[in-house]
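Okay, so subunit A shows up in both of these, paired with subunit B first and subunit C after.
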Partner chain A sequence: MPSLGSDMEAGTLVEWLVKPGDTVARGDIVAVVETQKGAIEIETFQAGVVDRLVVEPGTEVPVGTVIAHIRGEGEPAAPAPETPTPASEPVAPKAAKPRKPAEPTAPAAASRARVSPAARQRARDLGVDLETLTGTGADGAVTLVDVERAGAAAPAPVPAPAAKPTGDAAAAMRRAIAAAMARSKREIPHYYLATTIDLTRALDWLETENRRRPVAERLLYGALLIKAAALALKEVPELNGFWRDDAFVPGTGIHVGAAIALRRGGLVAPAIRDTDTRELGDVMAAFRDLVQRARTGRLRASELSDPTVTVTSLGENGVETVFPVIYPPQVAIVGFGSVVERPWSVDGTIESRRVISASLAADHRASDGHRGALYLRALDRLLQTPETLA
Partner chain B sequence: MTEDEIRAAVLAALTGVAPDIEDETVDPATPFRDQFDFDSMDLLNFAIALHRSLGVEIPEIDYPKVASLEGCLGYLSGKLQDA
Partner chain C sequence: MTAQTANGGTIALTYREAVRAALREALEADPRVFLMGEDVGRYGGCYAVSTGLLAEFGPERIRDTPLSESSFVGAGIGAALGGMRPIVEIMTVNFSLLAIDQIVNNAATIRHMSGGQFSIPLVIRMATGGGRQLAAQHSHSLEGWYAHIPGIRVVTPATLEDARGMLASALACPDPVLIFENALLYNDKGEIPADAGAVDIDRAAIRRPGRDVSLITYGGSLGKTLAAAESLAGQGVDAEVVDLRTLRPLDDATILGSVRRTRRAVIVDEGWRSVGIAAEIMARIMEQAFYDLDAPVARVCSEEVPIPYAKHLEDAALPQTDKIIRAVEHLMGNHG
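Here is the complex of A and B:
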């Protein structure tokens, strides 16, 4: 039973998506687990053959319990235990252990056309078989547009009905948030910094960019903020990572957790892995996919355990400035408020500009205000050249 | 395309974005943001769904015009008549 955060103690197995004898690849989704954060898909981080399913659906087990045995190539079958045992051998890592992005498909054949992660994800969403597509991208790569086109031509898949949360589920999520936030305020010495950033150039660029993009590939300014927040972390890396055992542990990549409010209340902050190295269109596609699945379907375990920093925006609700609370064991969270028009001095003249408040809450054990200030300055600078974020 | 067909397509797009919405509970005049806590991501997904089902491309500048059921039906009727 993998851990999806320091506040998770147990999970209930809802259903197995594999059976003994099935071959699984690293990253395949093998089970659904009910946690305080809702129903979460569990990936395997080991390839092989499913040898034995140890935990029965409906059973609640502590984090770290072995729930299945997967036999690697050449390994003998595991002996059958009498009862589920506490794990010394978890099937998935407990924390944000570095690993390559999960790709829940079979390994690519050498001759297979290249497919961008966003296109692959979209194909899964639309039920499009990638093998049937002819890529129009560079070197025959299958692009998001190819998938969207195929998806539009095919009958739309019937969306899975969103799980109607019970009062218990909502209360459990509330308790999980309460535990994490109470721990944060109890243990983390926050410091807060804020600045106002002229977003006019970025929004103008975005409007022009969106006019040339197909509807399905339009960008929201939230994606621009997430990408800029990720890139700025490269300049102040001590804000990206975790505080563990009285020491800062740097993140092994920049995986921004995007805070997503759920319609029924509560929130989740799943990761956009390697945010800093993705193209802006890819960041947007991943962001859109996470929002959609967080609100109507299921997230994956790794998406909830991977974030190395969190970005939250409450601007659409008219909030001018956010004073966010760090999600432990992370050491920083970046907040954005509303875009508002303000008189602004530009080259000695006063103009009406669209500005946004950016705030940073950081763990004073891991960084100091000076470094936090440099981070916000980098964020501002990056947002003045939006074309470089693409 | 008839008014009823447009309405059905709009409601299908709406419930595609937020499956917990029930057709009969939609207040035609109240913006989706106020009724269903829609944000910009929901509105984008709504525009994408309408583009897929009706072939109408809604420019960003027109998003406010489709932000309620009433507004959306009027906007789309006009667009489909022009087409």
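Here is the complex of A and C:
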């Protein structure tokens, strides 16, 4: 069971999309798993032949549990799991043959942080991120008191959920968002910068561009914003990546997570991988695909864990400026408001221009306001030359 | 009871005198009750527990036996089967090994083997424990062995009230009850209510309430553990002390209730570390209170050597107050 996010502890296997004997390639979708974030498609990172499905659909298993065996090329088939002997077969005494021991689940790494069972339980209830705590217990273990102290220090305590996540997926997602956002506001010293960008030139260019495109391939300005946000990160790379273990870890590649509101409530921000190197039409197609699949609850595991930065837009709802909250362990999020027509001074003349508010919330541990300002300036500059974003 | 003096509703006495008072009361209350064992009559008991009882109750009811544990324990089983209420004193747990066949194969099984037709209302008292420089063969703490056996009850009075009150409940029990009296306790002095009587023999007791760690112990280790708790209080660690009182059946409710409150536990057991009663208690905590724990459960037991004769080595081999304190300090990490 892969981890589909740092806050995931278990997943329910909903459906197998392969069966024993199937040949799979790296990246193939093999199963659907239900998590707090909705139904997620699981890819295999191992090519080969499906040897055995270990976990039955409908079963919830902890992260790290072996859910299937895939045999690489040239590997011998694993011994078949013991099945009850049909009564018709001669009843030979089989007792002497040891049962194949179950695969060890989630082997604990030697470096695993020491957390007491009571602390782990309470951290789950309070939405406290254990990785950030310093233990005061025996051998430096994090104890219940450490967790409660951290929970009490949170400015906006996450309401403790009922003992167990219920079957209510929306409530589970709400809890997941609550945990991530509370952690963000508790731990990340946000700084906020905003600027108003003249989008007239970009929108004009888009109109022209769309006229020559087939209807199905027409571009929304949102794709332009995502592409520009990605390219600007190449100039200020300290906004692209993660804050882990008291240090900034640069993202490998620029994978913009596009925040998508779900109709039933909640949101997800799946990645458009390598946003900066994709053609604009490709970014649009990827975005469209993500929106559709997010709303039908069919996102892939890697899409949720890959983003190195997030872009959110609330312009559709008439919001002028967004003050977004960073999704940890990311270190930045870019927000866009709605496009509005405003009197604007251009070369000394007042004109009516279409402008948009672009804001940046960034982790002050990873970058400073000066770099954030440079980022917004780069974003503005890129949007003035939309043809370079194609 | 020459040593006792009435004092505002309480009486002052020793553990030895408390046991003797219980014996006397039982002998007076029920003509079926009799005491037998090595030197219990003329000599007054190896630990002077039964001093005076022969004169008071006569040789029919206070019976000196040959040095043959298997035979007199077997006789006790037979007497119980025949409707008597025998109290058999085995001088020490060390010699009970000669009677272990009678205890394990007969006393513990007859109710089961007879389909419930016969029960064995037998009480066996014996001294246990080390710490008196009696060397390896006379310093065993094997009560944990007996606690392994279904069909018998094992109780370990550690206080004057329990020394006074457990015998009556043991006699009332239809099954064999083994009472382990730690020999170091016989001279303990204190006051108990003048009207102290029977106490239950199936519940553990919290001897000192606390919030930070549960110290779970019994018998001869209770005093050391309470002393450790007092010392820890000076360091700001509020230890709860649980006296098991009975090793079979174990009172899971009290043990786990305490551990769930404090989230930490140290078991103090004079038995050897491996495969002992401490291990059983730790396993139950792991099984039933794992998610309440804030630290690995720890134990302070006897070192795995035959108990030495030399004083400094014997002290080093047995659980001691400073060892208990160190174990707690480690569990508390920087919380203390």
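By definition in this document, the second predicted complex is superposed on the first by the 297 of 390 C-alpha atoms of A that agree within 3 Å, B and C clash if a C-alpha of one lies under 4 Å from a C-alpha of the other, contacts with A are read in each partner's own complex, and residues count from 1 in each chain.
Assume contacts are C-beta pairs under 8 Å (C-beta built on N, C-alpha and C of every residue); 3 or more make two chains touch, one makes a residue touch a chain.
Everything numeric in this text was worked out from a predicted model, so none of it was measured.
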item: Superposed model, subunit A: greater residue contact from subunit B or subunit C; value: B
item: Touched partner set for A:Ala216, first subunit B, second subunit C, both or neither; value: first
item: Which of subunit B and subunit C A:Val291 touches, first, second, both or neither; value: first
item: Contact residues common to both interfaces of subunit A (with subunit B and with subunit C); value: none
item: Touching residues (chain side subunit A, partner subunit C) in the complex; value: 116-121, 135-141, 143-145
item: Partner subunit A, residues of subunit B touching it in the complex; value: 16, 18-20, 36-37, 39-41, 44-45, 47-48, 51-52, 57-60
item: Subunit B contact footprint on subunit A (complex, rising order); value: 151-152, 156, 159, 161-162, 164, 207, 210-211, 215-216, 218, 220, 222, 261, 263-264, 287-288, 291-292, 295-296, 316
item: Subunit A partner contacts - residues on subunit C that touch it in the complex; value: 263, 290-296, 330-335
